[in-house]
Amino acid sequence: MKLFNVKNLIRLLVLMVVYGIIQYLFINKAINPFYMMTLVLVCIYIILAVSQNIITGFTGQLALGHAGFMAIGAYMSALVVVRMQGSLVAGIIFGALMAAAAGMLIGLPTLRLRGDYLAIATLGLGEIVRIFFLNMDYLGGATGFSVPKTIDWTWAFWLMALSVFLMSSFINSSHGRACISVRENEIAAEAMGINTTKYKVMAFTMGAFFAGLAGAIYANYMYLIHPGTFSFLKSFEILAMVVLGGLGSITGSVVGAGVLTIISAGLADYPEFRMVIIALVMIILMVYRPNGLLGNKELKLDFLRIKKKG
Amino acid sequence: MALLTVDKLSMSFSGLKAVSNLDMEINEGELVGLIGPNGAGKTTIFNMLTGVYLPTGGSITFQGKKTNGVPTYKLSHLGIARTFQNIRLFGDLTVIENVKIAYHQHVSYNMLSGMFRLPAFYRGEKDMEEKALDFLKIFSLDDKAQELAKNLPYGQQRRLEIARALATKPSLLLLDEPAAGMNPQETRNLMELIRWIRKEFNLTILLIEHDMSLVMGVCERIYVLDYGINIAHGTPDEIKSNPRVIEAYLGEEAI
Amino acid sequence: MGSVSDLIIQQIINGISLGSIYALIALGYTMVYGIIQLINFAHGDIMMVGAYIGWFCTTTLMLSFIPALIIAMFFTALLGMLIERIAYKPLRHATRLAVLITAIGVSFFLEYGGILILTPQTRTFPEVFPQTVYEFGNITFKYGDVVIILTTVILMAILTLVVKYSRVGKAMRAVSFDKEAASLMGINVDNTISATFAIGSSLAAAAGVLIGVYFNTINPLMGIMPGLKAFVAAVLGGIGIIPGAMVGGLVMGLVESFVSGIGFSTWRDAAAFFILIIVLIVKPTGLLGKNIREKV
Amino acid sequence: MKTKKIFTYLIVALLSFTLLAGCSPKAPTDQPAADVVKIGGNFELTGGVAEFGKKGENGAKLAIKEANEAGGVLGMQIEYVGADNKSEAGESTAATTKLATQDEVIGIIGPMTSGNTLAAIPVITEYGIPLVTPTGTNSTLTVTEAGALNDWVFRACFIDPFQGEVAANFAMDTLGATKAALVIDQKGDYAKGLAASFKETFEKAGKEIVASEQYVAGQDTDFRAILTNIKNKQPDIIFIPGYYNEVGMIIKQARDAKIDVAILGGDGWGTGPIVDIAGKEAMNNTYYVDHVAADDPALADFAAAFKAEYNQDADSFAALGYDAAKLLIAAIEKAGSTDKEAIRVALETMSGFAGISGDINVDSATHNPQKSASILKFVDGEKIFAARVDPK
């Protein structure tokens, strides 16, 4: 087993082909900038959904504060880029790290709570973060904070690919399995020597880190960040993507984020019906596929597998 | 030498005494049984020994160290492993993953190696895979390695729980009704297995069991509990003839 | 205006009045949660529907307050049962998260369906009850405050009695304790859950109409914030516990009043959530909740 | 089982429909026909301030409809393309991008709020599309904090500082106030802008701001706590530069709390329901700054047409939406072409445009319209003209 085995090389190839096709179509104007923006948003939401899935789908902790971490990433990266004249990379890293730090700080006390209590506590924390930025006139306050657009589709796509790779590698490592064992049976996990608090906080911190990363990409792509963007409804939206795709499925989150974002963009011409249709999709899907589109299974590139002789 | 010493251990739940003033001593390499009627407080003792409950009185000493208040996972690192009366496997994971999770405390790579797929990750995973398969082989579960734990038949789930407990590399193994739900043949096999792993892994075992044939068959010493009180202890033969034990088990009319 | 003590008393009155509004909404929340452990995120939006039915009755049908309230409660009860049957019942054995997502979906559906049908326009109630203001020195409160506080207390008392002594109440408690055992005892679980939703939703409607009349503005998104706050209140007091809703609501109302009162009005939502988090960490089951230990 | 299957198909159908709607590139076949002028509208059609967005859009649509009935512009019919920004900054950027690149409009009307307009500016600047916001009153929309002019942004309304100044002067000179309290919507830069200039003017004249309280629009319904504070400070007047929804509730609750002093506000008050919300009696002794004199006959015609078209009462949002669209159409007419740069220049040099919200002369240095403001007073629920203030 090595990093550059056939399977991973094929995966990389697929990514490069997808990227290449889209880039080609864009250059040839077959994809207009609005679709391009939608695709970048898809990338951002994929990172958000997968990172929420780490916390909720894999570690089993129902946290509803993702919009808050996204806000921290967005505002902190903007702080570095706009107010301190730092580089984009520094901004992104700082944003993600600050979100992770906040995740750890918030996670330590709240992750002792179970189920719905954790949900409402993290929802409250997300709102506190939003209210904080609403009151920060230094960072635009209620008007919103203008950030130059320095991220393009290439950045967003490869950062997304890297994030998904890192998170799925984590989940498929021994530390990731420790997180899953917390979801499966907390008491048994403890008895098997898993420090469940540590792994909950680890998953939470990691989720926050990547949510912050997504927020930083968002801030440096969307020209303006506004506290209203990061309300608890955004957390709901992200959770909906995860559950629609399937809890505990990385590819499910990718699909869920893609489907919901594209539905939302595709219905831009029917604004009155857009949210109603999204709501109906959520209800119908849950009623008829409560485990999401993919359940906890992963989409695999099996159709590409080279058949062995014999 | 005493591996585990329990001194005047008590546990009460909102005034209700589940265990009171229990004294117990288990020497290294011993195979000890803990019996008693339903509700006698046996599992409560396990929960105290593994740090799930904080005793309301008395002390527990393991390997010369006082362990009251030490969290469960740390006790596991110190060498206490257990199985559960109501099986607690990681149901949605495969059989081999269950064992790997127990082996996690001995993992040789760190989180970042895992995330970035550094060579240490591949070395560590390979090692873990082999070790886990070894444990499964002992319990003849290796052919089921890729099945989901929840899909195993009952008896195999019990065996997997023991395999998983062993993967933590314990020095003291606590078995909570390992033979529950097994037929006599399976129980006899289990007895053999318990004897064998004790020797092979140099273990000390404390087991709770209702199946008297198993307890009397494998245990060297037995503690008997009734209403949270230790009413007798001794060799299987002594226990069999102890009038208080008979009374506890059969009720007063039998006297 | 006069002394500091007047100021404090006035803020206490403000807080109690606001708190009983939260409590009123929280009653329905806590009720549904108590029986099927579902955070019915659509509760605030059901409240909105109730407010609109009340508005329709008082404006188009020119009914007076009490009949409007009863009609609103009745139809919203039907709506609640309908939602339960269509959206929640099929998910009875699914994960709680799936049900939660469905609830969020129902909430969006009601909000944006409301915008579609009713337009986002703000509507106002006619004067359905007296706008009397009572003055004691510098301290003032309104007829509406009295109505809301009394309604909350009375509904809470009735609800407690119903849950404790009536047949359906006993069935509810049995179902909340153990669904399977309850059905073995001959309790119709589905009907009991339907009844719970009916009662919970009609409580929401009562709250909606009262709030609509009190603040005199309703719009399709009016349920979001009060719904969230009421849920926080329910959790704060101990969710599933009927007096907990009152306690939680009052605590929230008083905290918000005082935070505004000392000049931090922009932080009052943050303060409410902060108190919630502190309470949850110190006493995870809420102020009136009992700790439940998982059996190992 | 059968229903399950049907629903699965339903979902698949729904998904593929939206995917098709979203993904099919419309590019080459969809080029605007030569005889159609495409104007985009970026409005808050859903979300927190949907009510204003909807009103503004209806106003704009009415203007376009009337223009089309009168023969269109430059002999071409106008096609209106709407987009929803969900009352959210990020969505506003997305909606503007859609209008700019997919629908390829030559001008955009909207959004209604300054924040959402701010989010649209980088996009219209990138693609060079003139934008007229009906009610984006924040001064930084047209001239940035650094003093640079945003070439492509125009507006149909006067800016916040002007309104705040007008209100402050009225409070001091006419009402003789020396102590004022502010109640500010924390979420909106609109209210903050008005409050800031009110405060500046008021304090410059040596008067005192005794209290400054904040609330969150779209969320708060209970304002008694802050009103209790204000009552305690005993101001002569209260300035509430918010939108009518909350303002109505605040005035009602203030009067209930026996605060009887004069209350002043900005153009966000200018719509009917404020009286319904607060009650006629409570609205006595209140004043606000509006764009139009309520007795202007042009406005009456507009209000009648608006009512006939949408079965809704017109308000200042609708009026400004209408004016914004008419301003853009007038600019196209003046430019004599659909070239976006020409339209921009035409907007920049627009003068003597007769809108229903008053005459507009665009200041080419700031892109702000020079408009006169009216102060209206509520008497038993009716708006009475109180004073006219001309720009300096």
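Chains: A, B, C and D, in written order; residue numbering restarts at 1 for each.
Note that a residue touches a chain if its C-beta (ideal position, glycine included) is under 8 Å from a C-beta of that chain, and two chains touch if they have at least 3 such contacts.
Note that the structure is a prediction, hence the values are computed from the model and not measured.
S.K.: Can you give me the shortest step count from chain B to chain D, moving only between touching chains?
M.R.: Step count on the best path from chain B to chain D: 2.
S.K.: Farthest chain from chain D, going by mean C-alpha coordinates, please.
M.R.: Farthest from chain D by mean C-alpha position: B.
S.K.: Once you find the CA centre of chain A and the CA centre of chain D, what distance in Å lies between them?
M.R.: About 35 Å separates the centre of chain A from that of chain D.
S.K.: Let me have the rounded angstrom distance from the C-alpha centre of chain A over to the C-alpha centre of chain C, please.
M.R.: One centre to the other, that is 32 Å.
S.K.: How far is the middle of chain B from the middle of chain C, if each middle is the mean of its Cα atoms, in Å?
M.R.: Averaging C-alpha atoms per chain gives centres 48 Å apart.
S.K.: Which residues does chain D have that touch at least 2 chains other than itself?
M.R.: 46, 48, 186
S.K.: Note the residues in chain A that touch 2 or more other chains, in rising order.
M.R.: Answer for chain A, listing residues that touch two or more other chains: 134-135, 187, 272, 274-275, 280-281, 287-288.
S.K.: Multi-chain contacts in chain C: which residues touch at least two other chains?
M.R.: Expected reply: 112, 115, 266, 269, 296.
S.K.: Which residues, counting only chain D, touch chain C once they are in their complex?
M.R.: 46, 48, 50-51, 54, 186, 213-216, 218-222, 224-226, 228-229, 231-232, 234, 245, 248-249, 252, 256-258, 273, 276-279, 312
S.K.: Which chain A residues qualify as touching chain B in the complex?
M.R.: 1-3, 166-167, 169-170, 172-178, 180-181, 184-185, 187-196, 202, 248, 296
S.K.: So in the complex, the part of chain B that touches chain A is made up of which residues?
M.R.: My answer: residues 50, 52, 71-74, 76-77, 81-82, 84, 88-93, 97, 100-105, 107, 109, 111, 113-117, 121-122, 124-126, 128, 164-165, 167-168.
S.K.: Contact residues on chain D for chain A in the complex?
M.R.: 4, 7-8, 10-11, 14-15, 18-23, 25, 27, 45-46, 48, 82-84, 86-90, 93-95, 97-98, 100-102, 114-115, 118-119, 121-123, 138, 140, 186-189, 192
S.K.: Taking the touch rule as given, give the residues of chain A at its contact with chain C in the complex, in rising order.
M.R.: 56, 62, 109-110, 112-117, 119-121, 123-125, 127-128, 131-132, 134-135, 187, 232, 236, 239-240, 243-244, 247, 272-276, 278-283, 286-288, 290-291
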